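Next come two complexes built around subunit A: one with subunit B, the other with subunit C.
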Partner chain A sequence: MELLAVFLSVLVRGVGIGSTYALLAVGFVIIYRATDVVNFAQPALMILGAYFTALYVHNAGVPFPLAVLAAMGTMALIGALTERVALRPMVGEPPFSAAMVTVGVFFALFILSFRLIGSNPISTGEPWGFERIIVGDLQFRQVDIARTLISLGAIGLTGLFLQRSKVGLAMRATAMDQETSLAQGVNVGRMFGLSWAISGALAALAGVMISAGSGGTVPLDAFIALKALPVIILGGLDSIKGSVVAGLIIGVAEATALSFNSTLTPTVGENVYLVVPYLIMMLALMVRPYGLYGTPEVQRV
Partner chain B sequence: MTGPRGGTASPKAVRATLRGRPALYTDYAADQAIWNTPSKRFWTILLVAAVLVTPFLPFVTRSHQADLTLVFVLAIGGIGLNLLTGYAGQVSLGHAFFVGVGALTASVLGGMPTQNVVGFELDLLIWLPVSGLVAMALGLLVAPLAARVRGLYLAILTLGLVFIGEHLFKELRSLSGGQGVGRRGPDPEILGFGLFHPQEILGVQLDRETPWYLFTFLLLFVMAVLGRNLARSRWGRAFAAVRDRDIAAEVMGVPLLRTKVLAFGVSSFYAGVAGGLLAVSFGQVTPENFGGLGGLLLSVEFLAIVLIGGVATMSGSIIGAAFVVLMPRLVEMFAPSLPLIGDGALLSVQQLEGVLFGVLIVLFLILEPRGLFGLWLRIRNYWKAWPFSY
Partner chain C sequence: MSKLTSWRRHAATLSVVALVLAACGNGEDVDEPDAPDDDEEVVDDEPDDVDDEADDAEEEDAAPEEIETGLGITEEPCPEEVNPDNGCIYLGILSDLSEGPFAPLGVEVVAGQEDFWKRVNEDGGIAGQFDVNVTEYTRDTFYDPQTHSSEYRSIEPNILALAQTLGTPPTEAILPDMDIDNVVGLPAGWWSGQQFRDQDQGLILDSGYSYCMEAHLGLDYVADEVMDFDSVFVVGFPGDYGGDFNAGAEAWAEATGAEHLGFAETGTNALVGNQDAAVGAVLESGADVVGLAVGPAEAAEIVGGAVAEGFEGQFIGAVPTWNPGIMDSPAAPALEAAFLHIGSWEPFDGDSDAHAAMQEALDGEMPNNDGYTFGWIWSYPLLTGLQDAAANGDLTREGLRAATDEMVVDYEGALPDRDFSLDGDEGAPRVATVNRPNSEVDSLLETIATDYTGETADAFDYTEPCIIP
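Coming up: the complex of A and B.
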């Protein structure tokens, strides 16, 4: 029973953080599918999302759920704007140069977030805090349940949008072949902007989820978003399903390593849970070079 | 070598033909020479002369010399990454890991032992090559895995190295000094001659920084020439073939795995040497310099050196390193006179530096993908054809 309790609490915690990673990863994947670019600016978009939520809650007095939606809207706008200004001129350039441009954008936006947030941690006014749910002998943190439901819900809605709506179809067509979809009357440039907007909105939501239950957010928390990089590689750069599966795997593995941290310390060193995601990613790449669900690149000679 | 009438031309006749036509190559060796144009020869000599004179100019302070030394050291690392990323097309975000391995090896072999850390106080002639070789060994170890994946998968895989490196650097406490503490770097000595001490040579009094400045430049010169030599060799052509189309290269008989592994090995060797030199220049080596976020930033700086300087050019790596080191200095110099910049104003000086760094990367990639080297090419071509536009 004792072991089962530990197992369940680790599982809930891991699934909670893992689905947040999945949410971030989906943001990466959507942009990658549309433009073949890994968006290294995602961490900055995430932290700005948390900032705008806090701004709307504390300065404008908007209720928390509405503030989150408004922040998602704001970040969608900033995302689309970034694409138009910095990324659109890179169409046709090697994907790596474009990825480097996003690194430049990251620096600019990240410094902006430092400037906006300042040195005091901000709170998004989220309702979960350190509350717990008690089921019999078991205790779960509310924030983990909330993270799981909200993140997976948002990913589900995004997937539904891509699968069922006309615009989603156009986006998938653009991802498959830009020239052909252009010939079919799809406004490819607008699809690029839209994928950045969706990605910015998801990043904002992820920022709120990361900040929830932590007591406060500082600009350096942006780097938590880097955890999504092993997730997208493990899942496959172009697969939303892969992001979810890999996000959960890495979240649970990390939570497990964290809860056994004191047992593991003598053998493999302190805080080994920080490198567990990267180790899993490397092991997986040895077996599957395109991740679990990634599409192998077909090359003609 | 045939003359205009079909007969073999005398060397004197060839020289006469060449006069005023420096771009005319009469044989393959001249085309492939390390200094294959007179202007390259001219600029190299000018650069060497300028570097040798600089420390003795009256307005050059010791901190200027330290900055230029940093340029030389980062340029060595940048050349390493350029061989891997620019020539062989394998994008790596893990360069800082190999630099860190070099720095750690140098500190252990060349540094002083204390209560907490081991140190052997060896000669630079031993620890510098060994720090390159240790980094190279790790590079060769990672390479077979890295050769399996491509493009952005590779970039993120190598990013993992930086985080795993942080863990290792922190945990190997008897070598690195542990988290947040670190250890002192080595004190460079060649056969008893201190390279980081005030010296007197031929009656000229040198600052503490000057011998080290001259030594790192000598090393940069040698390693740049070696790098260019590798790039024009059979293996260098194999690198370029793999970068441009790996399947086509394989079909033509370029061994893909061996080429990529070699590129990783050579690049890590350069990184290790640069790391060993950095350990001296920094004075203090901490795990945070080379692992985790610090390492990621260092890796990004190296990529910026390659991209801003010029992809697949040796001189580009040097220009890029100069840019990355000296740009913040210029900003610091001019920032006080700019409006809206300062502690209480819109941006602080550090924030301005960060924003400028990001914005410049974006601008360069958008406006001149060939980097600073490309700007130079434009200027040169303009004057070459002057007064015609092309």
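Coming up: the complex of A and C.
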């Protein structure tokens, strides 16, 4: 029974944090599919999302769920504006150049987050905190359940939008072939902007999920978003499904390693669980370089 | 090479960099330095003959009319011209002001120091002949030793001393140069090594206890006033902060016969993601008392998480574990119930003359965090050094360094007077304030003990740094 309790506890915790990693990864994937650019500004979008949620809750008195939606809307707008101002002029340039622009955007937004957040940690006013759900002899953190349901729900809605809506179809067409889409009347520029908007909104939600159950959020927490990199490598750079599966794998692997942290410490040193996602990433690169669900490359010789 | 392969390589490279940073776990943030200031002022090496017109500085009567000056002092008034007839002493600040891990604190420390020196200038300046400027040569070094070093080199020809050098690793990086240049400086940190001349060559003018002594004092207080206990555990950042605090806890346990159950190293959330491992380590340790030497958000998460999981002991936190922002977090009830904050001095709303002065400087407003108080109180040794050097007629770097070796600093009641001619065991402060988070008070931190000193802290044989990072 005790073993089962430990297993379930690790599983719930791992799925919770893994879902958030997946949410972050989907933001990367959507922009990559649409524009062939890896968006290194995603961490800054994430932390600004947490900031705007806190702002709406504490300064405007907006209830938490509405504040989250408002923050997602704000970050969608900022994402779309960023694409229009900083990335659109890069159309036709090599993707690497555009990626360097996103690095610049990251630093600009990161500095902005320092200015906005100021000297003290912020809290989003989330309702879960450190509360527990007790099921018989088992205890689970509410925040893990919330992360799982909300993150996977948001990814599901995004997937549904891309699969079922006309705009989603246009986005997918753009992702497959920009010139052909243009010839078919798709406003490719608008699709680029939309992909950044969706990515910004998802990043904002991820920021709220990351800051939930913590003692406060500071701008440097943006770097937590780098955990999405092993996820997109494992899942495949261009696969939303891959992001979800890889996020869950990495979340559970990390939680499992964490549960054995004290046992492993004398042998391999402190906090070895931190390197587990990157070990998995390296393994994936060696065995399946295009990821679990990524598009295999065909090179003409 | 195909586009997709290229991207995978870039992403993989970035991931590996993140991996290395996570593995190193030193909390440092590496970035490019700002461009050096190209329009630095010409330095006047000649003795200053500025008229002595200010009449309300305490030391004026004792100051000779001719004061020898050197690098970092000009005959021209400071840019802000509080006393237009005074010359200007330029002090440098090397702090973490934007992207580094201690930026929230660094910004407020600088604010406190600026107001401290503004008050000095409004009172007539140094010996009634010199105002002090701490804004012209303030540089953001991101808590990065390399940037710290290059920025020090860029401002060094223009400053008399450093009004702030934030962080032990960055300060250690410039200490040999400071020694050669005869530049004394105020630290922004409490590593025990800064209280020993063989470690800092007497250049670092620290105030208050060390993290090592802080652990002694905190544990003494819990044993005296809160509960009997048999075991202690520490969670902290590695190195000069958490490592020093842990060394103090270990020494305390050895002296009292309590069991030191271990030290769990953690990092900022930016490095480790969250504090789940630290919470797990606390619970697994089964300790009665847990010492925390981490950041404020990390401390709140550990306390909140552990209490929610059933931890019933007592937490004590080092000075940097506190920030009023954490009382907005879900951890607030747990902090109020199970956390004591140990401080070198009272928080901003304290009762000393020094506190009254800083409260007046902010016109009754609260600072964003207590970094402001730190910046203010840390500045007293340099003020005393400048006053003593001026009284000796020698405001050169060499004169200032010699003066600080012998000075007795009056902290206007914020701390007991300190004789800087005494090293380590004899000179190290062994008093603390103890504070409890309280959402009912303005500062959110209620002081429950001042000038506290404990039996074990008093008896500690403090003859060398508790840890060499």
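We adopt the following convention: the second predicted complex is superposed on the first by the 299 of 301 C-alpha atoms of A that agree within 3 Å, B and C clash if a C-alpha of one lies under 4 Å from a C-alpha of the other, contacts with A are read in each partner's own complex, and residues count from 1 in each chain.
Criterion: a residue touches a chain if its C-beta (ideal position, glycine included) is under 8 Å from a C-beta of that chain, and two chains touch if they have at least 3 such contacts.
All figures in this text were calculated on a predicted structure; none of them were measured in a lab.
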### Message
With both complexes overlaid on chain A, does A:Pro289 touch subunit B (first), subunit C (second), both or neither?
### Response
both
Checklist entry - Where does A:Glu93 make contact in the superposed view: on subunit B (first), on subunit C (second), on both, or on neither? => result first
| query | Touching A:Gly251, do we find subunit B (first), subunit C (second), both, or neither? | reply | neither
Subunit A contact check, subunit B vs subunit C, more residues touched by chain C
Which superposed partner A:Leu274 touches (first subunit B, second subunit C, both, neither): both
After superposition on the shared chain, which partner residues are touched by A:Ile122: those of subunit B (first), subunit C (second), both, or neither? second
> First (subunit B), second (subunit C), both or neither: which does A:Glu297 touch?
Replying inline: both
- Task: Pick one for A:Val105: touches subunit B only (first), subunit C only (second), both, or neither.
- Result: first
- Query: Given the touch rule stated above, what does A:Gly242 touch, subunit B (first), subunit C (second), both, or neither?
  - Reply: neither
Could you say whether A:Gly216 touches subunit B, subunit C, both of them, or neither, answering first, second, both or neither?
-> second
After superposition on chain A, the subunit A residues reached by both subunit B and subunit C are 32, 38, 95-96, 99, 110-111, 114, 223, 226, 229-230, 232-233, 237, 270-271, 274-275, 278, 281, 285, 289-290, 297, 299
Listed in rising order, subunit C residues that touch subunit A in their complex are 2-8, 10-12, 14-16, 18-19, 22-23, 25, 29, 98-99, 101, 103-105, 107-108, 264-277, 280-281, 284, 295-305, 307-308, 323-326, 328-331, 334, 368-369, 371
In the complex, subunit A touches subunit C at residues 13, 17, 32, 36, 38, 40, 58, 95-96, 99, 110-111, 114, 118-123, 126, 128-132, 213-224, 226-227, 229-230, 232-233, 237-238, 258-259, 261-262, 270-271, 273-275, 278, 281, 285, 289-290, 294-295, 297, 299
Residue positions on subunit B within touch of subunit A in the complex are 91, 145, 148-153, 155-157, 159-160, 163-164, 166-167, 170-171, 245, 247-248, 251, 293, 296, 300, 303-304, 307, 346-347, 351, 354-355, 357-362, 365-366, 369
In the complex, subunit A touches subunit B at residues 32, 38, 86, 89-90, 93, 95-101, 103-108, 110-112, 114-115, 223, 226, 229-230, 232-233, 237, 268-272, 274-275, 278-279, 281-282, 285-286, 289-291, 297, 299, 301
